[in-house]
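Each structure below appears as structure tokens.
Two complexes follow with chain A in common, the first pairing it with chain B and the second with chain C.
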Partner chain A sequence: MRLTKKRKQSIALLLFAFPALAFYAVFMLAPAFGGAAYSLTDWNGLNPAFSWVGFANYAEALTDDPSFARSLAFTAKFVVFMVVLQNVIALALAALVESRGRSKAWFRTIFFMPNMLSMIIGGFMWLFILTKVTSYLVERARLTFLDRSWIGDPDYSFYSILVVSLWGGVGYLMVIYIASLQGVPKTLKEAAAIDGASAWQTFRSVTLPMIYPALTIGVFLTLNSSFKTFDAVYALTGGGPGRATQVVAMNIYEEAFSFNSRYGYASAKAMILFLIVVVITLVQLRIMKNREVEA
Partner chain B sequence: MSRIPAESRRTRAPEEPGGIRPGPQGATREIERPASLISRSGGGRLGRRAASALAFAVLVAAALFTLFPIYMGVLNSLKTEGEMLNDILAFPSKLQFANYADAFEKIDFWRSLKNTVVVAVVGLAGIILFASMAGYKMSRTPGKLSGFLFGAFVLSMLIPFHSIMITLVKISKDLAVQGSTAGLGFIYIGLGVSMAIFLYHGFVKSIPRELDEAAVADGCGELRLFFVVVFPLLLPVTATIAILNLLWMWNDFLLPLLMLTDSDDYTLLLSTNMLFGEYNNDWSAILASLVLAMLPVIALYLLLQKFIVNGIADGAIKS
Partner chain C sequence: MKKALHLGLILVLVMSFLSACGGAKDNASAPSSEGTPASSGSSASPSESAKADELPQKVELKVFMSFPRFKDQFEAYFAQFKAKELAEKNIDVTIKLEMPNPDQAKQILQTRLASNDAPDLFTLHAIADIPTYYKAGYLSDLSDQPFVPKVYESVRKTVTYEGKVVALPLESLSWGYLYNKKIFAEQGIAPPLTLDEMKAAVDKLNAANVKPFMLAFQESWIPQLMMALSLGGTVSSAHPDWIEKMNKGEASYRDVASVFDIIDLIMANGTDKPFEVGGEAGSADFANGKAAMWVQGPWQAETILKVNPDMEFGVAPLPVSNDPAGAMINLATSTSLAVSPTSKNKEVALDLLNYILDDQDSAPLFEELKFNPVATMHTYETFPWISEASSYVADGKAYLDLSLPNGVTDETAKLLQSYYAKDVTKEEIIETLDKAWAKGVQAQQ
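Let's look at the complex of A and B:
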């Protein structure tokens, strides 16, 4: 009797989960495992026949592909800047917005707005600012510090990409930080103030430890999204000039769909990206979780 | 990750009673004032006012910076090319809607909008229906099978899209879902159910089991129990999931770029991108098309603002 009940339960479970599982298996699991398998082949989009090549693709990507190495370095630099700046700015904005009275809602609405837009749209709008508006300001308003090739010169277009990505992403983290700041009990801050702590000291030793879990999320989300960044770069520079501002996602995309359709080789690069993201985010979670417990 | 919601809820708890009962909060406010006078003797109040003014100034500057590109886009989309070149910052002498008529045609606005809506509706319907069923049942059924399924769904949340896209294109070609808007919706179901299941799974725990048992005792079948009794109770989390996924699908660029090969099927973003590629110096038309593509999202945002912001914060914190 009990066994049949259990079996009945299992069947019901499978029936309920089946539609989701079917779509998930076809469009998520199969490509994930397929990609891992294809990364070990010389599969090429133009030729249906392919053979196993072991880890040759990985070896080539890591040792003999300057453009991939460059895109990795460019992405790594971008990720570092994003993780620091996006979280610092978001936290600062959250604290400032929280300190406001009636204007709070207005500021929150405005800062969050870019997050609603695709970075393709935002990127094109910024392209207008960075090419047309800046050159106008240089000419007419003599703001000579703006006289740079913000898109054409890779030294500067890195910062263009960074600013546009921050513009699009800060609001999201700010909302998370606001929610967590609201969770810090007022009585704690008051107690610190009575003990003579300055605003900075209160923030450092009372607020910060209390919002540490949100910080873990913020850093995790930034790591995750900035490693995969594509849209902003696509809209602003298209990876150029040449391949100077190419991020990893774009390098993979080009390898597979633009240049030579080396699907197997591009899959190996995609696996490398996956491993990097997983390892770094897991390490980050482990470290920050441990500190959470201490704090 | 699963520990985070519990913690954040716990830290938020102390504030809630204060909000309901005015008494204690009023009392703490009174303590606050003398405390600040003690800590900053002398010009304490003045210093505080200056700090507050500074904070306000910083916020206003940041807000202007945030709005600047959108403002410039809208402003210049309403000017003639000549006016734009003459003074990019000035107001138009006369509002030029001709740019919009031009952009409307060039991005084939109604068709692009329809395509975007088809993708989003198919995707959203599938994600909500299938994920709620799966999430509910997995949450209610104990045992290894259930745990294994849940793990299989949730694990993939770490996989970057770029790591699966190449094989996904091949599979979609083989199954003939490539090149159709409904097909793109199907793909979104496959990619989106994980997170939705995760959120439903957590939410179902807050619905008392007794409810299921009572309905079963009344002779209600499993499917009817779910759709008639349970599903309506999932509304808050369904709303969060709908918002998160709608925004994702509406703003996603790379997957449609890979899947929609015929310009008749282009979504708003793809049409705008195509316009940009074809007329990349005709900024009047480009800006007008950007504003058009942006309009539905901004309208939705201003209407449902509070709801959207909370939904997104909630979704992020829980997953």
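Let's look at the complex of A and C:
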């Protein structure tokens, strides 16, 4: 086999990428395929013997599992809130940071810092704040509107989780939006200002279309990660009380490692979650990519 | 100059990371390294005398226990075992002790067992885990071991499955609910034996502005205790064949719906914001007299006494109906020790297992760990609350903890949390538990 120059280049590329590719294959792809295989069995995570049940797990998850359906609904509600709020807030913060002069780096750092914390740690911090600090404030500072069970009451625990996830996630998107805002040509904004457009009109008609690619990425990232939220919920409420704040990832985790340890069934539910996320994000990317505009 | 400064700073940071890693690793391997110095220490003296015979045979045992709070006691006990084994059988045993947190222990153990890396000895929960582990082939038959006849009959039954003894019981419990002796004496209340008496006691406490019940529902296993007692008392006194019928699918939780009576009473007369109180916080509050009663077991005794060493509490059976026969103490075995059938050093492992119930050395160990006596050699004096519970047992007012199919207990835990938060109704709980039971029975086929 003659090694043409082109072939040599391809082989060189593959060799360079090989270590990373090997790690990815072993730690990401192999378990994914393994999970897909287990989803067709009724393995209980412990017994070396198990039987192949085909798609019975999928059928059961979609028809006979009220807690799975409920956790899907709860997660969907959470995703909608997160996508809207996280992107709006990140954009607002990015615009704020961009408009600062000398304190730009300072503001950027403060808003990005929560993202550097692991969400589990952040979750435990907020658990302390929402339980001990609020009760202290209620007693001493008489801020009675804080006097409710932020974690235990199913009505309010949703908002607690939302706030903590936003606190942790906004920084990352803000950095992306800052980068894209810096890419908007100044000439266009100046032209709009000369034509008498107000700040809001400039933003809506000039800046926003120019940062559309970043918006696509932002929405995609938020959709992807909020469907899979686990850390913040686990640390704050553990899915409780009961199952009131149980997101899909927690439902799957519970199914696989507690109760009956139905590992095969939980793998099937995980595959279903994967398919849902894939479909939704593909649709979203397709729609938003078509609306992007070139400078 | 600047470059050198930056390079220097980076070097310092990296070194501090590496030294921290090295430090942590030393701590992690401390248990096993502590084991070897002890064995080399003990093997130093006997080997001097046995040097004439032969070199001691080296054996390594992997022991997996889920009580990190008893690490020191067990390490000392294993050092004693090493000395004994070397003196009697000329075997130098190194014991690698693994003690993870109880919440992760089950998963770690299951992963090890499933990947053929089973420890030689490991702890498991007798009532909950024995059936599953036995069916998967991870427990060996211990019926002919010398410790078996020494174990109390009632405790031995809890570690027997399909006629074979498959584990050595460590933690045996007799429990009902805990009550604050001082508050009861002040209000002139005696532990009630019927539901009406309990209601009267609750009214008296409410009138005196004392919260009757401690509610600590953050960790789901605590609310589930209410159902365990309630169901246990109801089934053992009024519906003795209910479990059999449920396993055949011929009964339902509707038949024993009266279990909710005492649960409703407890939930309606408890402390505030229960979802923000976990086991530790609950123990602290109970020890400080914030409530008169707590549906909890004496396994919390250590935690409670740590907060308030002068606290006097007692154990009483929970009344479940107006039939005093329903108020009984629950006898259970939780943590037990099993031997893996794939152990490479089965003989030495079995020696260690039998040593846990050794005629001379076992009693001091169990006394130090504050475990209940489980066998004939445990003649130490028990704590006042244990004697109180045992008095009920001696009167015949006790039953063996019910053996529910896998998953029903966990489901009950979650449902009771939701029940307090008014997320589910009684009907829904009954339906869901019936379904969970059926699924559990099916999974065990």
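Heads up, the rule we're going with is that the second predicted complex is superposed on the first by the 265 of 295 C-alpha atoms of A that agree within 3 Å, B and C clash if a C-alpha of one lies under 4 Å from a C-alpha of the other, contacts with A are read in each partner's own complex, and residues count from 1 in each chain.
One rule holds in what follows: contacts are C-beta pairs under 8 Å (C-beta built on N, C-alpha and C of every residue); 3 or more make two chains touch, one makes a residue touch a chain.
Quick caveat, the model's predicted, so the values are computed rather than measured.
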The answer to whether chain B or chain C touches more of chain A is B
Applying the document's definition of touch, where does A:Ser180 land relative to chain B and chain C: first, second, both, or neither? first
Which partner does A:Pro48 contact after superposing on A: first (chain B), second (chain C), both, neither?
second
**OP:** For A:Pro114, decide between first (touching chain B), second (touching chain C), both and neither.
**Re:** first
Mind working out whether A:Gly35 is in touch with chain B, chain C, both or neither, as first, second, both or neither? first
Partner chain(s) touched by A:Met125 [first = chain B, second = chain C, both, neither]: first
_For A:Pro241, using the defined touch cut-off, is the partner it touches chain B, chain C, both, or neither? Pick first, second, both or neither._
second
| said: Applying the document's definition of touch, where does A:Phe257 land relative to chain B and chain C: first, second, both, or neither? | reply: both
Chain B and chain C footprints on chain A meet at residues 257
Seen from chain A, its contact residues with chain B in the complex are 6, 9-10, 12-14, 16-17, 19-21, 23-32, 34-35, 38, 93, 96-97, 99-100, 103, 106-122, 124-126, 128-129, 132-133, 136, 140, 167, 171-172, 175-176, 178-180, 182-187, 190, 193-194, 196-199, 210, 213-214, 216-217, 221, 224, 227-228, 230-231, 234, 248-249, 252-253, 256-257, 263, 266-267, 270-271, 273-274, 277-278, 281, 285
In their shared complex, chain A is touched by residues of chain B numbered 1, 4, 7-8, 11-12, 14-15, 18, 28, 31-32, 35-36, 38-39, 51-52, 55-56, 58-59, 62-63, 65-70, 72-73, 76, 84, 87-89, 126, 129-131, 133-134, 136-138, 141, 143, 145-146, 149, 152-153, 156, 158-172, 175, 186-187, 189-191, 193-194, 197, 222, 226, 247, 250-254, 258, 269, 272-273, 276, 283, 286-287, 290, 293-294, 297-298, 300-302, 305, 308-309, 312-313, 316-317
As the complex stands, chain A meets chain C at residues 44-49, 131, 149, 151-154, 238, 240-244, 257-262
Chain C contacts chain A in the complex at 107, 110, 113-114, 132-133, 135-138, 217-218, 220, 273-276, 406-407, 410-411, 414-421, 423-424, 439-440, 443
